[in-house]
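Down below are the structures I want you to see.
What follows is chain A paired twice: with chain B in the first complex and chain C in the second.
After this line comes the complex of A and B, so read on.
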């Protein structure tokens, strides 16, 4: 294939401008722009200069050689970097780091160099020519189309669907019923949520127990400015049911009682307040408490709650305040829940809006 | 020995025995139990010298008697730990007003003056004292327990590796890489700036030492992947993936499509 063929193909609309003007084009771009045709063929260095061709050949071979080096390097790294007899986890991690870096770089060289070598070969040394393939209409011939319609009609007539209504109706019934088992099977793939979204595992008299550290909390021991992450007694162990723990997370904060607004004071005990840690926006744990501003910040979308104002939203996408857990102390002075949460904790769901 | 054996059934023998065992148990407990944070009682010279340091460096904002002013809290009863933390990390004396006092890790008063002003403020009212070397020794802490406690109490602000994170309005939880064990302990005890207080009833002294052990341990741990990109999670990792990875892919695509010269 050569330049000549290319220009021949394009020649019809290539030069005669007056001819273009006479042809009807309702607002076509061709009215204003000539078809520029194919750009002139430009020969590569390797096509005209045998030295350049040899250089390209050497470059490709060098890239393939580099790939061999990478492969050998990978093998050497795999067998030479040993993990036996290392004491100390940091020394071990250092060895893992070395192994990972060597294996990664070796495999990168081995694969990447084959790839760019092959592309470089194709671009510089393999034949370089323009080819033109004309686009043909997609539509089948009229005879073919008529034959296809005839086959379909013949099939419909032979099946006798129109003549035998019993068969037709029973088939429709059978097809309509087939999906029914799927409905039952899909419904039973997991437990229904029931009232799980509305309830949290806190009830009146539940002791507030430190999460992670364990142990109940004496109200008198809590300093002003303290934050304690708590769970109801019985759920503090990490082995407890995860869904229950996720809903039960509560943050206990002690403020100067004078700083607390009236709404927050209702469930407070001597300046100690307890709020659900689950953001009312999308359920992230809201636990970034700023001691001086008394703001609680959610790290996910920066919803900010004001603890002094009963955890009202002061910034961000959350719509509802964090639910308060009303608390008091038992006979021994330990913090306990006065009652459970009065409203569902956490983000909205369909029934709640 | 025979005298002792003879008095074995004496009515007072039980009482003596109980008293004796109580004394022994008490002594063992006193020796083995972790000591309360105690500092050597400051001499009156130290306190007097500390007052001069205070008047020269702190009184402008905190008041002549450390009673506090607008934007500067009262220092009566904050304790030696709070002063030592603020001064030895270079947060105080404050260099410029801003959302919060940044740590420069450069003590502007020097160790002597820091000790003096610490004794002066500690003399104003009872407060938490500076922990001793044993209480903050990372080698004596349990890293695994510390990691558990860190994830529950500290991680939300200071990031999962203690690299710090943003708070509201320009405030932030600092990176803990440069914090010394004593500073970490004092910060938990006193709750500086935006940080809440984690007193001994919230996190026991042993647990504080566990946390210190973990913070120091995770800071020294090498990254198995080669580069930890600051250990700040998806922000730096995403940036590296998009900038380096995508630019490399686009470069390859451009090279593939370009005609050889």
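After this line comes the complex of A and C, so read on.
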């Protein structure tokens, strides 16, 4: 419809400098093809055939009607599928799942049908002649720009910002300093690190107990090839502080004593070794043990540690070996820590050195 | 009909009220009939916008039931495997809202699915904008706003993922803590201040919650508002085609066509996400259990949008960490997790200006590029996608290993090599393909289309009749600029005085050469004329379209 008018307006545009890019670039219009203009509008069925238009109308209405069905269905599902009075966890979960499917499907119907109904309406019954709107350059006219500059200068002069440097400088100083309290107020968001990262809750004589409610471990009971997840006595309950558990987690593995590297032997007891379970890369629990190769694999980034080589890194993004916890047995034959960890456990940090 | 007049009278009264108070008519005049061009690729940004609205709605529902606390409690809900275990309030409330609140599970799954769709739509939308050159002047600011939104969406997604305080999310946070620790000099301080001490502590859930539901959504709203205002002020870009120029916008009015189409599309997106949430389970936290630093979790995978960063961290060999002057430099972590994303973001945000330097172009651009017509940019884009996908793949190297029964070491080593080899390769290949496609366009314009009609001349010669392209079909193939490399001005002026800014010029010149040295220029009328003469013998048929004569010419063309 606005095909013609658009063209007229365009030729009397206020911005004759802004030529069509393709033309401007080569300078000579004759060297370029001419824009052939919009293709003619093709009528749709509904534009020319009242029957088709009525059919489209009915289709749209049917879709909206279907949405109403979806809405009612959702309400029915909400109130009819009750969660009370069901015995058995499985039956309950099935009820939850049923509710989820019915509510989701009902909402889908209710929403989706409004959507395609509206789109169908627009595509079949609303005008589809392409219309033209003119663009104007973002840049303001030279007069407007000059006027704006003048206003800004006038205002600056009125405020005296230029003439009174004392005002300006003191304001800048004040504004620069005023955010400082906001920064300072964040100081109490946490304590200073201090030596917290260097310490792990193990000390000489601590009993090694099975994690998650297990008891102490008799050295004689540990089979070759087994892995035991261990905490110091007192931290094995689920109620223990997570910060402590996050540093204390240890793996106990028994190898054939001949497979142990020399470096590990001092802290080992009869082929039994204990290593920090916290990855030296980013702190995930390193707990996938391959019996054949004696490798420990971190599930997060696949750093691989060789237990026979004192848990040195043999592959992956970690750099440092897993720290060893030196162990021995007490009078009753239970595994205990010989000392605490000799180095900080877990990921590296600047002060670690 | 009386009902019609009643409606009309009501509308008039509302209209009068709003106009006399806020001058609503001016707004209607300005906005209602605004023209927007039509193309499927313009819907990608809409998907992002609508997912955001869905996130606000479903997220609000979740806050009614979620308890942002790591205070310990005993789970005694309906899920038997967890019965009697000590869990955090955050975890317990997440399970409770999933199983005890009708529609709660659906809302959680809608929220999670919408978040995945949100980030995906933003990223695909960005690629659309990139490949079509929609970021060029005057839209650089909207490109920057969009980039910031993309970046924030990753953070927002990660924080939301962390809130249920389950085993997987806890491991994700442990990794985040480790990454912060790797920052030189201040790492452990920042970690302690953010988490309120050692990991995990008790402060992180309420803090993450406030940032996730208040701070970031407010920033999102402001930036999305600015994004849309700029869209209206600058008017939407359009694909080149007959009748489309740099000074017009061709399409349909906002009211009523786009209100119906875009409004309807919101319901379609919402409906589809509901359907996904009805049938596709996502993040079943009850199966993972509450966070505890000790248990194992194989196949630990973050949400997909964090995968590329996780992948980069996985690929980095450990020897990048070293100790110097009694201090640890964890570059095996800091490099892939902080410096790499920093560099990528900087290049992303700066790209409009980098390319403008190469073109030396200060004009406004409202007509989109066909990606083939800017081979170097298209090559760079595909290179970026390749790099991104390789990192994403690296983030799943363990999954690949277990599914295809391959060695994790081989996969990782191959990927370490491929991230350096494959992206440049795809750059070269893409660029060549683009140039080839441009050659094909020229071919079509110069020689017309095959008609399938074989003619035998009197002398017994056979040839196939070619028909000139319809001018409207041809226009799309020849409308673009032939961008040539910039010329380097002489280093000294005529008086032998060294010109200032020579270095900058040389950079621009090099860049321009890189972008535009290999090029295929569009056919000119003269070339077409010459091609016709060359084939004078087998007279080409004139364009068959009968409606070429009464075409409205486009002014300025």
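One rule holds in what follows: the second predicted complex is superposed on the first by the 301 of 353 C-alpha atoms of A that agree within 3 Å, B and C clash if a C-alpha of one lies under 4 Å from a C-alpha of the other, contacts with A are read in each partner's own complex, and residues count from 1 in each chain.
Assume a residue touches a chain if its C-beta (ideal position, glycine included) is under 8 Å from a C-beta of that chain, and two chains touch if they have at least 3 such contacts.
Since the structure is predicted, the reported quantities are computational estimates derived from the model, not experimental observations.
Trainee: Using the touch definition from the top, say if A:221 reaches chain B (first), chain C (second), both or neither.
Mentor: A:221 contacts chain B only, not chain C.
Trainee: Going by the contact rule set out at the top, does A:119 touch chain B (first), chain C (second), both, or neither?
Mentor: A:119 contacts both chain B and chain C.
Trainee: Determine, for the superposed model, which of the two partners chain B and chain C contacts more residues of chain A.
Mentor: With both complexes superposed on chain A, more residues of chain A are touched by C.
Trainee: Looking at A:145 after the superposition, I want to know if it touches chain B, chain C, both of them or none. Which is it: first, second, both, neither?
Mentor: In the superposition, A:145 contacts neither chain B nor chain C.
Trainee: Is A:31 in contact with chain B, with chain C, with both, or with neither (first, second, both, neither)?
Mentor: In the superposition, A:31 touches chain C alone.
Trainee: Look at A:130 in the shared chain and tell me whether it touches chain B only, chain C only, both, or neither; answer first, second, both or neither.
Mentor: After superposition on chain A, A:130 lies in contact with chain C alone.
Trainee: Given the touch rule stated above, what does A:342 touch, chain B (first), chain C (second), both, or neither?
Mentor: After superposing on A, A:342 lies clear of both chain B and chain C.
Trainee: Which partner chains sit in contact with A:242 here, chain B, chain C, both or neither? Use first/second/both/neither.
Mentor: After superposition on chain A, A:242 lies in contact with chain C alone.
Trainee: Which of the two partners, first being chain B and second being chain C, lies in contact with A:351: first, second, both, or neither?
Mentor: A:351 sits against chain C, while chain B stays out of touch.
Trainee: Between chain B (first) and chain C (second), which, if any, makes contact with A:164: first, second, both or neither?
Mentor: A:164: touches no partner chain.
Trainee: Under the contact rule defined above, give the chain A residues that sit at the interface with chain B and also at the interface with chain C.
Mentor: 89, 93, 96, 100-101, 104, 119, 123, 128, 211-212, 229, 285, 287-288, 297, 299, 302, 304, 315
Trainee: Residues of chain A touching chain B in their complex?
Mentor: Per the stated touch rule, the residues are 42, 44-46, 89-90, 93-94, 96-97, 100-101, 104, 119, 123-124, 128, 210-213, 217-218, 221-229, 253, 285, 287-293, 295, 297, 299, 302, 304, 315.
Trainee: Within the complex, which stretch of chain A touches chain C?
Mentor: The contact residues of chain A facing chain C are 3-4, 6-7, 10-11, 13, 18-26, 29-40, 78, 81, 83, 89, 92-93, 96, 99-105, 107-119, 121-123, 126-128, 130-135, 137-138, 186-187, 189-193, 196-197, 211-212, 229, 231, 238-239, 242-243, 245-247, 249, 277-278, 281-285, 287-288, 297, 299-304, 313, 315-320, 346-353.
Trainee: Applying the document's contact rule, which stretches of chain B touch chain A when the two form their complex?
Mentor: 148-149, 151-153, 156-157, 165, 167-168, 171, 173, 191, 193-199, 201-204, 207, 220-226, 255-256, 259-261
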